[in-house]
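Next come two complexes, and both contain chain A; in the first it sits with chain B, in the second with chain C.
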Partner chain A sequence: MFDDGTCFRISPEATGKIIDGEAVIIDLATGVYYSLNPSGSRLWELLSAGQSREAMAELLSAEFGIGRDRAEKDLDALLIRLIEEGLVAPDDEAPAAPSQVAPGPAVEHDYAPPELLVYHDMADLLALDPPVPGLMPEAWDYPEEPDPPEDTST
Partner chain B sequence: MRILFWSEQFWPQLGGVQMIAYHLLRELSRRGHEVRVISRRDHPGLPRRQTAFGIPVLRLDHHERVAEGDLNSIACAAGQLHGEVQDFRPDLFHIFSIGSNLLFRERVPALKSLPLVMTFHGELRSEFPPGSLLHGAVDAARGVSTCSRAVLSSLTSRFPQHAPKLRSIQNGIPIPGAPPDSPHASSTLLFVGRLAPEKGADLAIAAMPVLAAADPDLRLVLAGDGSERDRLQGQARRIGVGDRVRFLGWQPPARIQELLSSAAMLLMPSRTEGLGIAAIEAAARCRPVIASRAGGIPEVVLDGVTGLLVEPENPRALANAVMGLLDDPALAARMGQAAFDHVRHRFSIQRCADAYEHFYRAAL
Partner chain C sequence: MKTAPPRAAPSRLALARSEAAFLQASSEAPAEHHSVHLELGGLAIRLSVVGTTLWEYLAPPLSHLASPRSTARPGLTIKLWDAARTGIAGPFATLPEILPTGKAFGFGALGEDRREAVAGYQTPAACMLLDRKGGLLAGWVRDPHALSSYEIGKPLQPLLFAWARDRDILPVHAALVAHRGRGVLLGGRGGSGKSTSALSCLNAGFQYLGDDYIGVPAPEGSRFVGHSFYNTSWLEASHAHRFPWLAPALAQGTPSRGNKLLIRPDALFGRRMAASVPIHLLVLPRINDGETVTRAWRIRPAEAVLRLAPSSILQLPFNDPRRLLDRMTELAHAVPCYHLELGTDLAGIPRSVEGILEEVS
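And then the complex of A and B:
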């Protein structure tokens, strides 16, 4: 699918951060939020660091203890999804960063293939309960009433 | 029970959801439950941490930061939420109003691992496809409540697979054991609520020329504020009732009670409405309500018994209903008394808190 030496650039509109061990990404142009599971989050880190496809596949294989063929297949599937969403694009001219391959396998998670979750509803959620501009609200209390009635309806 | 309660807007901000949260949490505290509130810091003057009527509140800037895509601040808020859960160790997480908080529910493992219940205060008008944050939260929730049967019906159509865990818990407020005051002759019509299109204040203003012609003393008082205020003031001037419509802005709850006591009736010409907390408050002060047949309003306002219902978007029908009651004070008084009796039985805070306690227990 992609050449081993291919590097990728992250869209200037996309920003991502690892929060609680998993990547949260936002496309600032569209307001769409994304998240990646642990293996996908690791690949996002490597993409951000300018690693080539070959280096990423090697790292995925080494760190999660999976075969190289499977690592390449899963990596390509994620790259396709990220490209479809406009979050990354192949960049044939970018020089690959030095490989970050770890000295030995260090499986931190049970492996699940990289998965990109897409949350298209953030704009709708933000619109559900918009802030009401106005003066600083003042503390209030509800007027105390006499003892409440017994509920006689049941 | 220890309840982590997330309400996007919360005391001292004013509004129906904030009012219900205030009454519910005070009542749950009285019953011995421990509650902590997460809320939004919509105004820079609001403290990040505060104890409100005995309940600790943590306010986050998350709404703005999520809208901006400021992931550093989002990560910081996630860290605070993690710390809050570790410190409080809640039995239950109640998302009382939804918004960008669903991102944190999804992404902060300490929150995601808690038993979740959610409350909806209105119908959803956006699509929210499967895979959305909203679907994820509803799928994960052990119980989902709605503020009215109308909202329940709408939500059940959207999530038929979750029908068994959906239930209506109607809002409640403190209601005195006896009518606090009786209706009296008044030329004031009261509107209480946000000045936003869905609340229909423009329809109440549009009814005023006909009403003013019939009763030269009649006044419309609007308590509330919002994005439509300038437009509404312009509308009142344009149709020649600028001197008969008063805009009071937001008023504290105690002042709303006084305004209700001095009004002939409450107008609620909403285009959509979850339940209509102002209608409950009016009824608790023996005031009839003239409202549109929208959302959950017919659950509070019984047409011809506790007030009158008109079709939405119809200022002429609204005006006719108002004139009908102004012309028959005895009928208005009977409706006011019936309204009090209705809400006393159906919309007391005790009944509401009983239902939430049952809802919580079922989720554990």
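And then the complex of A and C:
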């Protein structure tokens, strides 16, 4: 599916945080937000650190005590979901970050494959709040004239 | 031939012209010049309005922030005038003339310059600019009677929030009530039951700080404080029959915002309006019309943030998503977090909240 050396970049519109091992991600462009289970959250952390697919599969296998083949299969499944949602994209030009991410502690609970939960309720709410037609319905972006220099003659 | 794109004029010049127009309006109607000193999270604000009708619309939602202390140099000076009453028109017509970037926002538009030095807010009824660093907000209202209930219920909202955010009082989409001085922040998306919970608690004797937006500065140590912006409330018209005691507090003469009614609880419970309280508890309500009894259970900080953060980050303009997410995560770790399943017996809501406060104290 993806080459071992492939790295991924996170959308600049996605803001996320790992909270006690659970990732909360908000897409500022769409209003859709997400959460990830522990294995998925760990992978999000590795993605954010610029790790290659190979490094991520290795860490997933080691930390969650699963075979390398299964780790690769589960990782690819999550990557596809994240790409479908527009949260990440393959970045063939980015060099893989050195493996600076320390392996996480041994996982005490049973492994569950990475799972991305998707919440559309805010996107629905935002869609209910359209601008008044005719005022300024569209964004604008013009060049700006510089402020005149301050008068320092006094 | 390709035409050059319009160029926005310097925004600071527009601000200076707005301030000059305010002075002119004040000289046209000196008897209708009203002022009050306010305090928001320890920051001094001076609100000045020319036009008595406009003053009567805009001042009440902020009246609980009135401060006996006056200062020569407030952190924010607000100067607004009624263009219809004074005959002084605004010095420009639309935001794109003076701010280079902008976007639609609710019933109007927001603009800013690329240095984030000046921000603007315009609706069909009003237009105003904010010098974000200097703390001057100046603008005009075409006709106070044309203001929407949104603008009347939450005056100056986007620019006031931008000013607060720049001073690290981050606006959060939440309600805040307090029992014996202990604050309960009620978070969640629209329709989750924030207003239902806050108004039910108010009726049971709690202090009330707002049901929509609360300012949360960085904690002192692990102690979080919540600051009120507005003392108003919004109620779904279809829910009004559940709050018959609120009928005298319904703001008269203002059109509804969507299907929501503007409520002024201070008309009934003026002494229960508060400006700031320490936050002891984070509660995420959810309406369950299939149950009579309200139930509560503790939830993980991550779940609380997942339900509190998106609506604040996505709905509020001029915010800093990363900083807001960090602040809410820190809050969710500093205080206990509870899910509150709201039953149809509204009297059970404050009992349940009081029970949680006893449990965690």
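Basically, the second predicted complex is superposed on the first by the 113 of 154 C-alpha atoms of A that agree within 3 Å, B and C clash if a C-alpha of one lies under 4 Å from a C-alpha of the other, contacts with A are read in each partner's own complex, and residues count from 1 in each chain.
Here, a residue touches a chain if its C-beta (ideal position, glycine included) is under 8 Å from a C-beta of that chain, and two chains touch if they have at least 3 such contacts.
These numbers were taken from a predicted model, which means no experiment stands behind them.
In the superposed model, A:141 lies in contact with both chain B and chain C. In the superposed model, A:119 makes contact with both chain B and chain C.
Within the superposed three-chain model, A:11 lies out of touch with both chain B and chain C [touch as defined at top]. Contacts of A:28 after superposition on the shared chain: both chain B and chain C are touched. Residues 15, 17, 19-20, 22, 24, 26, 28, 31, 33, 35, 119, 121-122, 125-126, 128-129, 131-132, 136-143, 145-148 of chain A contact both chain B in one complex and chain C in the other. Of all residues in chain C, those touching chain A in their complex are 5-10, 12-13, 94-96, 100-109, 111, 113-114, 122-124, 189-191, 258, 300-302, 305-306, 309-311, 313-315, 321-322, 325-326, 329, 332. Per the touch definition, chain B reaches chain A in the complex via residues 8-9, 11-15, 17, 19, 22-23, 40, 42-43, 45-46, 53, 63-64, 66-67, 69, 71-72, 74-75, 78, 82, 97-100, 102-103, 106-109, 126-129, 131-134, 174-178, 180, 194, 225-227, 250, 252-254, 257, 344-346, 348-351, 354.
Every residue of chain A that touches chain B in the complex is listed here, in rising order: 15-17, 19-20, 22, 24, 26, 28, 31, 33, 35, 117-122, 124-129, 131-134, 136-143, 145-149, 151-153.
Touching chain C in their complex are the following residues of chain A: 15, 17, 19-22, 24, 26, 28, 31, 33, 35, 119, 121-122, 125-126, 128-132, 135-148.
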